[in-house]
Each structure stands twice: as C-alpha cells, then as structure tokens.
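Chain IDs A, B and C follow the sequence of writing; residue 1 opens each chain.
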Amino acid sequence: MNLLKSYIFPRLVQWVIVILIGTTVTFIIPRFSPVNPVDVVMASLASYQTTDPQAMLKLKESLEDMMGLNENIFVQYFKFWGRLLKGDLGPSLARFPIPVIRVIGNAMPWTISLLLIATILGWLLGMVLGTFAAYYSHKSWSKILQVVIMALYPVPYYVMALILLMIFAYIFPIFPLFGGVGIGLKPSLSLNFILSVIKHGFLPAVSIILVSIGWRFMSQRALTSTLLSSDFIVYARIAGVRNRKILFYLFRNSLLPQATDLALSLGGIFSGALITEVVFSYPGLGQILYSAILQGDYNLVIGISVFSIIGVATGALIIDLLYPFLDPRIRYS
Amino acid sequence: MKIIKDLFKYDKRFSVGFIFVVLILFMAILSFFPPYDPTIPHTFPRDLSPSLKHILGTNSLGQDIFWILTIAVRNSLIIGGISAVISRTLAILIGSLAGYLGGRVDRVISTVCDSFVVIPRLPLLILFAFIFRGFLNPLSMAILLGFLDWAWPSKRYRSQILSLKESEFTNTARFSGAYTLEIIAEEHMPFLLSYVVADSISGFIWAIGMETSLSVLGLFDLSIPTLGTTIYWANYYKSMLLGIWWWIGSPVGALIITVIGLYLLSVGLGDFLDPKVRLQRLSK
Amino acid sequence: MPIVSAKNLRAYYIVDVYGFKRTVKAVDDISMEINENEILGLAGESGCGKSTLMKVLLGLVIAPLKVLNGQVIYSFNGFEKNIFELSEKELENLKWEVFSYIPQGSMNILNPTRKIGDTFFDFMEPHMEKFDKKYVREIIIQHLGNLDLPAEILESFPHQLSGGMKQRVTIALATILKPRIIFADEPTTALDVVVQRDVIQLLKNIQKNSKNTIVLVTHDMAIHANLATRIAVMYAGKIIEIAQTKDIFKNPLHPYTKYLISSLPKIGDKTYKKSIPGAPPSLANPPEGCRFHPRCPEAKKECSESVPELIELETGHKVACFRIN
C-alpha cells in the first residue's frame, strides 16, 4: 500500500506529464508553420486524381482539426486531444486513403521488436563488459576493449548504420541491403520466414547495439570503479570472497542506477533506431516517417511524433515499475 | 599552454583527440581560402578518384570533394558550436535555479526536466524541420538544436550544484560570512566551469550528429554544404552503388574524426579538471 | 615465537598525476611483534599511519600504496612465511581462517542488496570443503547466539538494521571462522557511547573465550586503556613507544606519549588539559631527525639531526627518544 502511494503513484503522474508535454509540443509546432498545411496537402492531393471524395473529405477534416488555423487555439487543442483519444488521426497522404493509425500499427511491431532486442542486448552487454573491464582494469584486453568502445561511442547512429551497411551488405554481401524480410515472403510462423526476419534485422540491431553499448559500457565502467572502492566491496575482497561473487555484487549493485539510466536514455535509443531503420530500409516507424517526409504527409508525421512520445514514455514507465523488484530498499520501507 | 603541454604528455587520449581536432579546425580554416569556388558544379571532370590534384577526388557533379568538405566541416562546426553555447547556457541557468533555489522551484523544474529527458527528440526535430522545410539555415538549425538539448545537462548541473552546496567548504564560507553570490562566484564556479567545458563538448557532438541525421533525411537546406548534406548528395547520386566510395567516404570519415576527436578531448579535459585530481596537484 | 612479526617495514603512497609526483611516507621503517593471546593497541593521532600499518600487516597493499622494504612474517603451527611472498592461493587460505578484519563502525560494510544470511554464506564458502547450506546455517545461528544476536537478522537487509547492530553483525562476520588474529580498525568510531561500550565488551568477550589475538587501532586512548594489554604508540609513520598497557599509562617515557596520556580526563581531576603544541607533520614531507622534535618541549640539538632508534629499556618497554637513552 505504502509502495503504491510513495513509489508507483508518482511514476504514473510523471508518465502523464511526459505525454502531456510531448503532445502539447507536437500540437504547437505546426502552429508556427509559414504555410497553411491544409492548403498544401489538398493541393498536392489534387494531383493524385483520386476518385474517392469521401476519403478526401475525411483528410481535409482531420487536417483542419489538427492543424487548422481558423479557430481559437484552445478549441483546436481540444479537438486535437479528441482525435488522439479516439485514435483517429485521419488518413495518411503517403499511403492514401489508409488511416494514419493503421499505417503506424503496421510498422509498430517491426520497430518494437527491433528496439526491444537491441535495447536489452545492448544494455546487458554494456553492463557485463563494463563490469569486467573495470574489475580487470589492469589486463591488456580490458584496455583494448576500452579503446575500441571509446572510438565507437561518439559515432552517430546514422554513420554506424551506414558503415555496417557498406561493409557487410555491400563490400561483403553477407546480409541483405534493405527490407525487413525477403521479397515475396508472407508473414507466417515458418522457419523460412523467421530466418529471413533474423537475417534482415541482424545488421540494424547490431548497429543500434554498437552505439548504445558505448554509453552503457562507459557508465558501467565508471560505476564499477566507484563501487570497487566502496566499503562493502573492499571488505568482501579482504575477506577473500570468490571472484565470481564479487563480480555478481558489482553487477547487482549497479543494476539499480543503470535501470534508471536506461529509462532516461530510451528516447535517445529510439531516435537512433528511427535513423537506423531509414538506412536499412527496415519497414518500421523510421521508414514510414521517411516516406511521410518525402511526400509531405502531415498527418503521418504528427501521428508518429505522438506515438513515439507515448511509446517511449510507456517504456520508461515499465522500467520504473520494475525497479522495486531490483531494490530491496524500496520494497521494504 | 602549460596545461595543454602537460595533458599532451601524460594523456594519450587527449593527444589523439587534440590532433584530430586540430586537423578538423585546419580544414575549417582552409575553407576561407579556396583556390576557386568549390560549390560551382561541373568545374572538373566527374567521378575522378583521389589523386594529387584532387586529394579526395571529384563527385558526380564535377566538384572537388576536398574543398567542398572544408566548407561542410566549417558549417557543421558552426552549427555544433552555436547549439552547444545555447543549450549549455540554458542548462546552466535552469540547473542553477533548481539547485540553488531548491524547494518547490526545484521540484517543478526537476519534473519538467525529467519529462523532457524521456521525450524522444528526433521525432520532434523532424516534425519541426518538416514544417519549416526550406526555411532552415545553419543559424536557425543551431538555435533549434540548442533549444532541444538543455534537459540532460540541466539535470547534471543541478546535481553538481547540490553536491557543491552540501560540501564542507561551502559551509565554511557561509559561516565565515560570505554572501551567497560570492560563494557561487568564488567557490563554486571554478569547479563548475571545468565541468561545463567537458560537458559542452558532448553537446557539440550531439548537435553535429543530429544535424547529420536531419540533413540525410533531406530536412535541411540542401544547397548549404554540411557534413550531413554532403552525405545526402552522395546518397542521392547512389555513390555507394556506383563505387564512388571517396564521395560518401570523405564526409563520413571527416564526421568520425570530428566526433571522436572532440570526445577524446572532452574525456581528457574532464579527467584533468576533475576536482579530486586537481586537489592532488594543488596539495603538493 | 610471535604470531606476526614485522621487520623494517616501509610502505609509501606514491602518486603520480600528470607528472606531479607525491610520496606519503605512511609506514617508515617499522619493526614490531604481535604475540598470541593479547590485545595489542595501536595508538596515535589521525593521519599518523596506523591504519596503513594495519593494512600492510594484512597484506592489503593496493596502489597507490607500495611496500618498498621489509617483511611481515606469520608463524603458527609450523607455518612460517612472509605475507608478501605468498601465492594468491595461500593468501586466500589465510584470510578469515587465520586473520580477519573489522573495519570502522561508520562504514557500509554489508552489501545493501543482499540479505545478511547470504553475506555470511559468501564469506564462508571459499573456506568450506563441502558447502552444505543447512549445516552452515546452523553454525552461523550458533555463533550469533554466542554473541547475543538474534537469528532473525539473517533474513534482513542491511538498511533494516541500526548502526550499532550492523557493527555487531560485522564483528560476528569477522569472527565466524574463529581466526587467530582479528585486526580491528577504529571499530567504535562513529558509534554512540552506549553502543561503543557494547562493542568493546563484545570484543573483550570474544578474546577471553577463544584466546586469540586482537590488534586494535584507535585514536581513543580511553578505549586502549579499557581493552588493550599492550600498546604501541605511533607518530608520523613510526612507532615511538611500545609497552604493556599499565606501563604506558603509569610510566610513559616518550614526550609524545606523555601528552597523549595527560590529555585523558580523570575522575576528580579539574586541571586544565594541555594540548600538544603545533600540528602533526605532513607525511609527504616529514621533519629531519626525530619527527616529533619541532613540537617537543625537551628537544635537544641531536634530535633535529639524527633519527632515534626504538630501544628496549626494561623488559617489553621500548622507546625511541634521545632524551631517555
């Protein structure tokens, strides 16, 4: 009961605040637009020679609700939220007349699975390597590892993806150049399909992992070095507690700060995943965002912004809610 | 000067970073003295591989890649620099407000900061750049980036200030009658300043990376050479598929040298300026 | 044969950052012996090197601390070896079974994310041939019972215990394998007075029951008077006087020891307490000759020129001072 009041409730409030701030910013940005988005989209739609007047009407309506400049800004804001809560963001222009929400829904599973795997692996690998590198800091492999990761860490996601693509898909064509699955394969639980998905997702995942591992490794190494001089670790070492136990102590005690840090860095990793998807033409949110930009699809760009904010905030919330399982001090007080 | 010499001698990371950054700065300076206007297309034969005459070859538009790159490096550095100045100024202001005022102000600011830290910035940036497509120049891009990168550093400055506030020398100064502003200026700033320098460099790196991402998506004024737009054009003309590796490779290489150089510099400086290490040097 | 004997120990902290070199001579040419079945007190002001000396005796030499010279010989049951020449395996075997260590009361010695019981298991496991949890648990509970600690604490996390309780758990942890020597570094510092008394009593009982050796480091002369059977006084990295507790208190010879003793409050004594003039010297740059001479009221010319040796005057009473010899 106490836990609920002192820990879980504040997290939920924070979650609501994040979404509120994020969506409000998303709402405000288009108000500064130098052109009227409704006119732009309707003009470009005219060249589509579409024969579905009802879908066009829907598009116009949604654009006016979300970006129209005719009404009072508070009325607009109200309408914006009304649309959001109904999950109706109007049809997409890039994939006209499919609703934005469906376009996003189709891309979501790709992004979520790629991100989930890459984030967890990157986090664990960074922590394990960082702990070992700090514990055995005098060994030469630890120093080499540190130099390598130091060179990887500041590299932007885009460049990392591009280099991997160049080396492993272009110069040595081990992996496919683009896509999320082999051409013509239908989603099924067949081995063929799954293997193809893994093969296509491998390089994007590796490039996300390589960049996100950098920060995790550095911070874990620093954390472990501090922990190594903490009283209880020094004491356990004086007492001759086994090495693997000490390593476990180090790992276990850095789990807490690293979980908080992961929740906070989720947004950065997500942004990186978007860019990585573009480079590999991976069929996730990044890719549809790219096509939305190319085709001036306002509804879709806004939809992706809002959904990324909600998604990342929820991811961070889930990590925060797992925290009490990691920390006895929160559980028993 | 002595500091740089010492760092150079004792910190390998710093010396590598220093060399990289000097290299990049040299390129940026060269951009002011081009032998001809490198942005004009079809000055030279297309797709020449690197040679003595064209160190980095020419591209499919018949431009010399090296001289284009000097401008690109300069513009990217300008964007990164202005953005870092803006974001760190904001961050110091916000972080000090939260840290020194404390209480309710601190709680509100911290909640807002925590929220902004969680929000993924790239989608917002893309939305902004998308709406303002064609209206972005290096300056407005830098301002935009600067205004999106204050949350993390504010949090860090706040916690730095909190630990300084609770430190022993602050109490000593307070009990001996110093004014708050005096304490901040004389006792805290020397510590913070060193931290700000190292942290600003990471802001620099972030802004350069973001500019690249946006440009590659075609969301920046593509007629202005930056590291990002150079990569965009190389991609646009399918330089990789056509085997013109020097076109795509040059900006990517320059970008890597820039970010790694800056990063190593900040790590070296950060360790050097670390108060704990400094105390050891002072107490000699 | 003493159980531990140190010969000409020299251990310095050598720091080198960005070319700024600094040497702190924390242990400077110390020879001493620790006997079985005694409580040896190491006394001296903060920063005189007593904690460092203890670490070196434990073989706990971590950079920037370096042993430049000397030996620490452990001898018992026919075992006789220099701790610095032991293999890693041999050293592991000595730890906790032969010597153990109780750190300062203010420290966070217990892993905050581990139950006390598991910490006990972790500490004992390397020293058990067959690790049977149920059997080991019984040993622990019995040991806790001997020290008047409830068995329930095994299920608690450290943050659920009070400071005094944590320190008693630490003592239980350090004595669980019945070591021959227990090194205690300021075990009562940062505890309140009532808890201090409990902890002192606990240490006294442990020594009485198992007839082992305790080496006790503290700056608090009152605790030494209470607990120690023999006292070594350190000043600026050197031992300047060593004797039985009653000799030190009744007949202190070194001027520094006299100051230490006279600073103790006595019942009924209303005289003004003199503090020692001057400040302890920096170990990075100690004075020439006898290190105490700049503060010594009885210093002679000789004192600033050469270093006095630690010389045995009566049986078991050694002192390093030119004025005495």
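Everything below uses one rule, namely that contacts are C-beta pairs under 8 Å (C-beta built on N, C-alpha and C of every residue); 3 or more make two chains touch, one makes a residue touch a chain.
Since the model is a prediction, treat every value here as computed from it, not as a measurement.
When chain pairs are compared by their number of contacting C-beta pairs, A-B comes first. Most remote chain with respect to subunit A, judged by CA-atom centres, is C. Computed from the mean C-alpha positions, the centre of subunit A lies at a distance of 54 Å from the centre of subunit C. Subunit B and subunit C have Cα centroids lying 52 Å from one another. Rounded to whole angstrom units, the spacing between the C-alpha centres of subunit A and subunit B is 23. Contacts from subunit B toward subunit C in the complex involve residues 6-7, 9-11, 272, 277, 280-281, 283-284.
Of all the residues in subunit A, the ones that touch subunit C in their complex are 230-232, 235-236, 238-242, 245, 249, 252-253, 256, 327-329, 332-333. Subunit A meets subunit B in the complex at residues 14, 17-18, 21-22, 25-26, 29-30, 32-34, 37, 150-151, 153-159, 162-163, 166, 170, 263-264, 266-268, 270-272, 274-275, 278, 289-290, 293-294, 301-302, 304-305, 308-309, 312-313, 316. Of all residues in subunit C, those touching subunit A in their complex are 58, 60, 91-92, 95-96, 100-101, 103, 107-114, 122-123, 125-127, 157, 159-160, 173. Interface residues of subunit C, counted against subunit B in their complex, comprise 15, 17-20, 22.
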